[in-house]
Structures are given as C-alpha cells and as structure tokens.
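Structures follow.
Common to both upcoming complexes is chain A, partnered first by chain B, then by chain C.
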Partner chain A sequence: MRREVPIVICFLAGFFFISDFFIPEPHWTQIAHRVNQWAIIVIAFAYVLGVGNIVRVNSQVIKRKERDWGYKILLLSGLVLMIILGIGFGIKEGTTFNWIFMNAMYPMQATMFSLLAFYIASAAFRAFRIRTWEAALLGVTAVLVMIGRVPVGEFLWRPFPDFIEWIMNVPQLAAKRAIMIGAALGAISTGLKVLVGLERTYMGGE
Partner chain B sequence: MKKKILKILESLEKLDRRIIFIFIVGAIALPLIFPLNIDFSVTPPVQSFYDEIQSLPEGSKVLLACDYDPGSMPELWPMNLAVVRQLCQKNLKVISIQLWATGSPLAEAAFNQVAVSEFNKKYGVDFVNLGFKEGREIVMVSLGESIPITFPTDYHGNRVEDLPIMKDVKNYKDLDIIINISGGLPGTKEWILQVVSRFHIKLVSGCTAVSAPEFYPYLQSGQLVGLLGGMKGAAEYEKLVGETGLGRRGMDSQSVSHIVVFLFILIGNIAYFSTRKKKKR
Partner chain C sequence: MSPIFFYLSSWFDFNRINVLVILGLFFAFVFYFINQAKKGKSLFVRRISGLDAIEEAVGRATEMGKPILYISGIEDMDNLQTVASMIILGNVTEMVARYDVPLLVPICRPFVVPVAEEAVKQGYIKAGKPDAYDKNNIRYISDEQFAYTAGVNGIMLRERPAANLMFGSFFAESLIMAETGFSTGAIQVAGTANIHQLPFFVVACDYTIIGEELFATSAYLSKEPKLLGSLKGSDLAKFLIIIILILGALLETFGITKFSSWFFVR
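Right, the complex of A and B next:
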C-alpha cells in the first residue's frame, strides 16, 4: 500500500491536469481552477517551511560556531528584520522595507551581475583558442555575433545586423529547435513513465 | 629580435586577468563619459514588438508581467521604462503582475517614474499593479480562469474588483496582449507554453541578451510576436519610442567593450599560434 497509493495519486493528478489542457469542458476547467487555487495556497505554505528550514540550519551552525558562523548571524538578522518591516510596516514605496530593497538589495545584486562582464572577457580570452576546426567555427561565429549585435558592427559594415539576424534565424534556430524537440520528447517520455508508475525515484529508492 | 618577440607573445598568452579587467573598466566607463553616439538601425524582432503595441486601439487592456530582479536591471529596466512610456503614449490600460517577488518594487518604480510623473496617469484607472503572487506556471494558468480570484487585492491592498480599470476584466479573454519583461524562470518560455498556446493571446517579450536566442524558435513560429533582446533591444526600442534612455546611452560602452573582448581573443590566438611551435619542440 505504501507504494501503490502514491502511484495512484500521482496518476490521477497527472491525468487530471493533462486532460484539463486538452478538454475545454467548463465544469472540468472549473474543477482544475479550484485545484490550481489549492496549489497556490500550498506553495505559499512552502515559504513558511523554507523560512523555518533556513532558521533551523543556520542557527545550528551559529550554535556550534562552525565555519562562517558570523555570516549566518547576518543572514538571520536580515531575514528577521525584513519580515518584521514587511509585515509590520508594509512594502510600498516610502517604507523602510522598500528603502532597504532599493538601496541594499538592488546595488548588491546589480554588482554581482556586473562582475559577469569581467569574467566573460577573461574567459573569452582564454577559451576562444582556435585549436580545432570546431573551435574555429565556434570562435568565428561568436566574434561575428558579438560585433554584429552592437552599433559598431553596423558602423563597420552596413548589412552586419541583417547578417547576424540570418545567423540567429537560420543556423542558430535550427540547432536550438532540434535541441528543444529532443528535450521535449525526453520530458514527455519521463512524464509518462512517472504517471504510469514505471519511474518511482520520486518516492525514494529504486 | 625574434626571441624578444616570442617572449612578449609568451607573456601575452599568460596575460594576467587583472589587466583584462582594467581594459574592460576603461571600455565601459570612457564611452559613458565621452559618448561616441554611433547610430544603429532597428532589427525586425524589435520593430514587431513596437508595431504590435502601436496597432492596439486606444483604451485596450494590456497585461504587463515584470518578471525580473535588480541583477538584470541594466538590460531590463530601460525596456520596462520604455514599454510603460509607449503604453502611456498610446493611452492603453495597463494591468501589471509579477511572478518574481523582486519585480514588484521595480514595476512600481517604473510606473511612478513614467506613468505618474511624466503622463499624469491615474492609479486604478489607467494602470494598476497587482503585485507578486507565488506559484509560477500555476498563477499563469489561474489567470486564464479569473484574474480577481488569483489576485484578490493589488500591491497597495485595494480590492481588485473595486478598481475602475478592472471593470469587465475577468481573464485573458478581456486582455489584448501580454508584455513580459523576463529575467529568467518563470518568464517568457513559461508564458508561451502555459498561456499563448492555451488561451490564444498575443505575447511580446523583453529579455536578457543571454536568453534571447532561446526565444527565436517561438518568434519564427508566431507564438511570440515581438522580442527585445538585451540592452541592444532596449536601445532600438527606445529609438522607436523616441527617447534617449539608459539603453541608448549604454550602447557606446557595449560597442567598445565588445571590440576590446574581440581584440583580446585575437591577441590570445596570435600568441597561441606563435608559441605553439616552440612548445611542440
């Protein structure tokens, strides 16, 4: 029973949502919508679980004074502070919650993302070595797209953007579509295996 | 002499990355201080994005999903501002939602900066921010059944059903187009998979440059009717909307930094090929 019941639930739930996609029957759709609302509520509860988990894991590290325990204090303080400010005083513009978001979270996240420019430049210098024909093809295409996608490409050669659009619309798209169709077929087959109970790793074991 | 050149090339091959970093800083910062103002044309995906919105009659209702965070702001924030500007110029009614928690304050700031300050638009009448709802694809599907049930209150805590803009808006059938500003997942791909093919509504997207190639198949199939890819897409769109925003101002920096990266790739390969024979020996 411990195996059969989850498989039956999984099959019924999966079948229900697939059929909702293909059967535009109002009553059926309404039931599906009600279940969707339940799912949104369950997901909201998962947040509470997530917060509980963060508190549990990090307070253990602080208690044992393990590596980087100081940062964990900062993490938990930030968590508690933002929860109090958000729930207690609101999240709209003009609130402290929003001020912290715009003046701490925003610049920090933007900084992290900006660092990518430097790492990509350094990685491109080291990685784009034309050692083989395949590497040459990759390197030349990458350089063409890189230059053609910015205004200086058009400044150097007027039809450059059209040529880049052709690369994006023909060779790039063909490869991308092939990968997408392959991945979709794989997802369908895995989904069906889960639904009919052939794939049971989600229950643990096997 | 030959030995000397070979030594220089050897040292170039093992160039310290901090030197590359300095060049990138220069390539980004200098054009911002001394703009080059290189002109550029508008590519077809951006033109389609603009034309789709432009073709909507005055008063049409638009769903604007701002699904991004501050990390992707350099690329997506200029798009967000320009989109709100075009929507206001056209007098369209804007209903905004966010499937990313970090998108809500950004969407709110964009409305305040453009819709309220520049166009004097009224909240609840001309635009509304319904805020963030967790649930990703489930929320997208749920909006197809009922928007007021999925979002009973807006970002400011008002009852959605009481807002004038939400009168007669029940689900996707009452909307004319979806505009998605997408920083990742859930984003444009999920909107296409869950909403476009199911509820038969038009979708245009503004996304980061790195994810733009992923959407070209959807653009060709017509499931996506317009695409702004990265800061260049934002700059082209700003040109169409008639503003000189952050996207256009960033184009010179992007041009010069791409040239610098290209030169480094070239130098790296020259050094590699010149020193290869010596290494083989």
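Right, the complex of A and C next:
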C-alpha cells in the first residue's frame, strides 16, 4: 500500500493536468488552477524541511567540533537572525531585513555571477585549442562568429554579418532544435513512466 | 454549428486534436515496446560513453578514498529534469553503495530534499547496505542560485571529491561549478537538457550527457526491460518526426501548406 497509493495519486493528478490542456470548460480550468495553487502552498511548507535539514546537518558539526565548525555557528546565527527580522519586522523596503539582503546577500550574489566572465575565458581557452578536426571546426566557426558580430566584420567584408546570421539560423539552430526535439520526447517518456508507475526510484518506500 | 458539436467543443478543444493524436501515437509506441520487452524480446541500446564513465568515476573515487559529489540542478520537482535527476541519483547510489564510497548531495530546493533522501536510501537498500546510508550527506544549501553555487563550490574545494556528477536543470551556475570542479582535478560527468548550458558542460567536463540521453540514463543504468522498452518507443517517435519533417519540407517547397499547418498548436 505504501507504494500503490502514491502511484495512484500520481496517475490521477498527472492525467488531470494533461486533460486540462484539452478541456476548455471554465470550471475544469478553474479546478486545475486551484490545484496548482495548492501545489504552491505545499512547496512553501517544504521550506520547513529545508530549514530543518540545515539546522540538523550544521548543529551536528558544531556539537562534534568538526572542521570549520565556527562558520556553522555564523551560518545558523544568520538563519535565526533573518527569520526573526523577517517575521518580526517585515521584509519591505526600509526594514533591516531588506537592508541586510540588499547590502550583504545581493553583492555576494553579484560577485559569484561576475566570476562567470573569468570562467568563460578559461573554458574558451581550453575549448579552442585545436587538437582534433572537430575542435578546429569549432575554433574557426567561433572566431568567424565573433568577428562577424562586431563592426570590424562588416568593414572587412560587407556581407559578413549576413553570413554569420546564416550560420546562427541554419546549422546552429538545426542542431539546437534536434537536441530540443529529442529532449522533449525524452521528457514526455519520463513523465509517462512516472505517471503509470513504471519509474518508482524517486518514491522509495521499501 | 450543431448543438452536439457545440456541447462537445466545451469539453474538448478541437484545435488541439493534433496534440492528442501525436501524444496518443507516442503512448502507443512506448506501451508496444514495453510489452515487447516484457515478453522477453532483447532490445539493443547504443553505448553512451558518458554513462559508462559514471562507473569509472565511482571506481576512481574508491581508489582515491574520496567522496562523490552529486548535483541535481537548481530547479524544483515540477521540472522533469529534476525528476530524471532523482531517478539517476537512485541508480548512482546503488553503484556507490557497492563500493562503499561516500556520496554528497547538495540540494538547491527544499522540496527536492525528501525525494533525494528517499532515492539515496532506496539505493543503499537495493545494494544491501541500508546501514551505510547517512542522512547528513543530503544537504539543503540555499534556494538562491548563486548562494547555492557558492555552497557547492565550497564543498568541491574543501572535500575535494574524486568525481562530480551533475545531472538536472542548470543555468548560469553550470560553468562556475564545472570549472571549479575541473580545477580540483575531479572526473566530471554532466547532463542537462538546457541547451544553452550544454556548451559549458562540453568544455569543462570529461563527459557530457546531451538532452534526451539524460532521460535515457535510468533505463541505461538499470537495464530494466520495461524502461528499455520506453526508450525504444521514444526512438520510433523520433523516426516518425524525422519523416514528418522531411515530408513537411517537401510539401512546403511545392506550396502545399495544409500538412505543416495541421501541426501548429493553437
């Protein structure tokens, strides 16, 4: 029963949402919309699980005084502080919660994101090393596209930007769409396997 | 418009009949091949080197005595890539459990935590080592994309995993994680269906599972006939799509547009 009941629920819910795509009846659509809202509420409750996981994992490190346990105290203090500030004083503009978010969290996220520029450079350096025929083709195409996308490309050869557009819209897009079609079919197939209970690994329960 | 049609059209959107027909055909293909597999017909699946590399990565981690890091992307359970990732996690755990290698699973979405816990637990049970399951290795990090990235990078740099397995839905963080993993010298296998992140994984990882291969992973690793049957069904559907594309292109060239316009979803 521990496995059958979730499979039946999964099957009914899945086919209900598939039917919503085909049934334009307003009441049906309204029910689907309502069930979607329930899902959002259930997901919101999952944050309690997330907080519980953070507290459990990090408090054990602190208790055992494992490596970097000091940082874990800082982490848990930050968690408690933000919960108190958020629930107690709100999260709107002008609150302490918002000030900490905008002046600590926001710049730290921007810092992480900006690292991407350096990583792109190092990854591109490795990708464009011409070691095989395919790598050579990739490197040459990349250089052509880069030149064609800046004014100097047009200066060198007037139809250069049009040629680059052709590369992007024909061979590049064809490959991209082939991957997308394959992935979409794979996704439908996985969905179907989950709905009919062929795929149960994620469910556990043994 | 007849009253019967009017009544029916309020219960079925006839503009979408094309989707229903294609979906029905696809389901029929999948169920046909599942039945064939159940009857014992052997189904050939081509080698996917990226998936074979998972076993190699586990072996390497065993030799080095270091953990394996499994990253399931940054999307929630409503994304099928995350569902596929959880299925792969179950298969990977089974493999990892056999070799007694610690498996670290940092999670980005709280709703994924219980699913990952179940998948990992199930993997250890299937391998016959339920006691080796450590709940604390499944760690919720943060919902914020780059806070999660920073957390995962921290684990990569501190714990120095021997292998990083990244399967799921990734965005801008993909290259940051993959390059950090590369700098630590870990063997890296990644798979996503997000086409904009594929080039990053191709460049920074040792093996990349591209698009549909991500959804085929479970069948490939488990070798379960029923799952292999569904793979064959997808392949036949792809073959049909190729024929439709060629036919559509030819008919469009000769000015016959009715065939291709039937496929538009309204």
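Operating definition for what follows: the second predicted complex is superposed on the first by the 180 of 206 C-alpha atoms of A that agree within 3 Å, B and C clash if a C-alpha of one lies under 4 Å from a C-alpha of the other, contacts with A are read in each partner's own complex, and residues count from 1 in each chain.
As a convention for this text, contacts are C-beta pairs under 8 Å (C-beta built on N, C-alpha and C of every residue); 3 or more make two chains touch, one makes a residue touch a chain.
Quick caveat: nothing in here was measured; it's all calculated off a predicted structure.
With the two complexes superposed on chain A, say which partner A:Met105 touches: chain B (first), chain C (second), both, or neither.
both
After superposition on the shared chain, which partner residues are touched by A:Leu192: those of chain B (first), chain C (second), both, or neither?
After superposing on A, A:Leu192 lies in contact with chain C but is clear of chain B.
According to the stated criteria, A:Lys176 is in contact with first (chain B), second (chain C), both, or neither; which is it?
both
For A:Met168, using the defined touch cut-off, is the partner it touches chain B, chain C, both, or neither? Pick first, second, both or neither.
first
Would you check which partner chain A:Ile43 touches, where first means chain B only, second means chain C only, and both and neither mean what they say?
both
Check the residue A:Arg126 against both partner chains and state whether it touches chain B (first), chain C (second), both, or neither.
Both: A:Arg126 reaches chain B and chain C.
Mind working out whether A:Val57 is in touch with chain B, chain C, both or neither, as first, second, both or neither?
Only chain C; A:Val57 stays clear of chain B.
Looking at the overlay, what does A:Lys92 touch: chain B (first), chain C (second), both, or neither?
The first partner, chain B, only.
In the overlaid three-chain picture, which partner chain does A:Ile23 touch, first (chain B) or second (chain C), both, or neither?
Once the two structures are laid over each other on A, A:Ile23 reaches chain C alone.
Across the two complexes, what residues of chain A are contacted by chain B and by chain C?
Of chain A, residues 21, 39, 43, 47, 105, 109, 112-113, 120, 122, 124, 126, 176, 180 contact chain B in one complex and chain C in the other.
Please output the residues of chain C touching chain A within their complex, sorted ascending.
Touch list, chain C to chain A: 9-13, 16, 19-20, 23, 26-27, 30, 34, 76, 78, 80-81, 83-84, 86-87, 90-91, 107, 109-111, 113-115, 117-119, 121-122, 125-126, 135-136, 138-140, 143-147, 149-150, 158, 172, 175-176, 178-179, 193, 195, 198-200, 202-204, 210-216, 218, 226-227, 230-231, 233-234, 237-238, 241.
Could you list, by residue number, the parts of chain A that touch chain C in their complex?
18, 21-25, 39, 43, 46-51, 53-54, 56-57, 60, 67-68, 105, 108-109, 112-113, 115-116, 119-120, 122-124, 126-127, 176, 179-183, 185-194, 198-199, 201-206
Over in the complex, which chain A residues touch chain B? Could you list them?
Within the complex, chain A contacts chain B at residues 21, 29-30, 33, 36-37, 39-40, 43-44, 47, 91-93, 98, 101-102, 105-107, 109-110, 112-114, 117-118, 120-122, 124-126, 128-130, 139, 143, 146-147, 149-152, 154-155, 161, 165, 168-169, 172-173, 176-177, 180.
Would you mind writing out the residues of chain B in touch with chain A in their complex?
Interface residues on the chain B side: 15, 17, 20-21, 23-24, 28, 38-41, 43-44, 69-74, 102, 104-105, 108-109, 112, 133-135, 138-139, 141-142, 145-146, 149-150, 155-156, 198, 209, 213-214, 216-217, 220, 230, 232, 251-252, 254-262, 264-265, 267-269, 272-273.
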